[in-house]
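Should a chain be cited, it is by its letter among A, B, C, D, E and F, assigned in written order, with residues numbered from 1 in that chain.
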Amino acid sequence: MSRESWLPTLKTDTPEEGYELAVKLARKAVGMTQPDESIRKKLRPVYASNADSLTLASQVVAINFQTVAAANNYWKE
Amino acid sequence: MSRESWLPTLKTDTPEEGYELAVKLARKAVGMTQPDESIRKKLRPVYASNADSLTLASQVVAINFQTVAAANNYWKE
Amino acid sequence: MSRESWLPTLKTDTPEEGYELAVKLARKAVGMTQPDESIRKKLRPVYASNADSLTLASQVVAINFQTVAAANNYWKE
Amino acid sequence: MSRESWLPTLKTDTPEEGYELAVKLARKAVGMTQPDESIRKKLRPVYASNADSLTLASQVVAINFQTVAAANNYWKE
Amino acid sequence: MSRESWLPTLKTDTPEEGYELAVKLARKAVGMTQPDESIRKKLRPVYASNADSLTLASQVVAINFQTVAAANNYWKE
Amino acid sequence: MSRESWLPTLKTDTPEEGYELAVKLARKAVGMTQPDESIRKKLRPVYASNADSLTLASQVVAINFQTVAAANNYWKE
């Protein structure tokens, strides 16, 4: 019996859902590098109060959104 | 009754509007990471007075603009 | 009566003009984040005398040039 | 007699496995630059407790995931 | 009478020349941001002795090389 | 009589060799910016013991690997 996949597909119905998937992809790598949620939780307020950290996070989302958008043919039709 | 989407489409009429959408995409991830607007407002003047922060912000816009431009077939026709 | 667009098209006649457009795109995001020109002017000498800042600026131009070059089909014909 | 390749193909069955391959690609370069595992092990806890380091790591995964996703035609069919 | 273009084309005969063009593209943006050559010359030894600065420079070349390689259809034929 | 090219082609037989080429491309730009090997050798241990430096290096490899993988049509056939 297999666990459910956290990433069964790159297809989404809308650009907005695609953007949310990009955020999920960005966070997943963080979770894989630092699996301890209590540590991640401690990092968050520091990180979320630093402008450059926020910009850097936005950059990772942007890169993942490129992938998701391409996978959805930019939701063109 | 559904709320309106903040990102119904990646299509824009002009490159300039596409660039504005890229800026919006860049800011959205910041808002999702730091939802507290009062904190974001405090960060802005510091951040907007640091050259490297501004360059970094421009970089995120550039990455998002790649996506939007591709979605619009570079406004070729 | 509409103002003129600062970005009416991504098409340029030559690669060199395309590169200049990429520089313009990079600077535009800076101006949108920090609209106060007097502050931007103060930042410039500091920034332009720091090697990593210059490299970072070059990176943003490079990303934008990817977009402009693709929009012009790399000036292939 | 040849050793087995650590990267025989970029094809994966699912997006999730593709993401894992992207993580593997990101770590491989680290291992090639710092082959001494004992040093890498010492670096890990410091690194995994710094928010920006985690975001930077996520960014490298995102770039590699672009490659893997393209190689798999975004798992479209 | 027009000056000669520093970037008449993105086409090169070989991948190696394409790589050199990518380096040229990376340096051009630096020169446009800091036109004073005497300042650039002072920055160089500091910068060239810092590992992260060198890696960052390599990154900009890599991004430009993507563009040049695509413009040359990866020198496939 | 011409010297041999360090980059005669972007084609490789396997993804693994493509990855090695990406590493070579990343290092080449470093060597072109800092041609003095004795300085590069001094930088290496410092750099290879810093987690963020390693991640940054991995990022440059990832960008170059995108280029090499595309040049090889992702080794699809």
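Keep in mind that, in the parts below, a contact is a pair of C-beta atoms (placed from the backbone, for glycine too) under 8 Å apart; a residue touches a chain by one contact, two chains touch by 3 or more.
Everything numeric here is computed off the predicted structure, so don't read it as measured data.
Within the contact network of the assembly, the step distance from chain C to chain D comes to 3. A centroid comparison over C-alpha atoms places A as the chain most distant from chain E. The angle of the rotation carrying chain A onto chain B, fitted on C-alpha atoms and rounded to the nearest 5, is 60°. Using the average of C-alpha coordinates as each chain's centre, B ends up farthest from chain F. Per-chain Cα centroids separate chain C from chain F by 28 Å.
Centre-to-centre spacing of chain A and chain E amounts to 32 Å, using the average Cα coordinate of each chain. Those residues of chain D in touch with two or more other chains are numbered 47, 50, 52, 56-57, 59, 63, 66, 70. Under the stated contact rule, the graph of chain-to-chain touches is a ring, a single cycle where every chain has exactly two partners. Here the chains make one closed ring, and walking it from chain E through chain F gives E, F, D, A, B, C. Those residues of chain E that touch chain F in the complex are listed here as 14-16, 19, 23, 47-52, 54-59, 61-63, 65-66, 69-70, 74-76. On the side of chain A, the complex with chain D involves touching residues 5-11, 25-30, 32-34, 39, 43-44, 46-47, 50, 52-53, 56-57, 59-60, 63-64, 66-67, 70-71.
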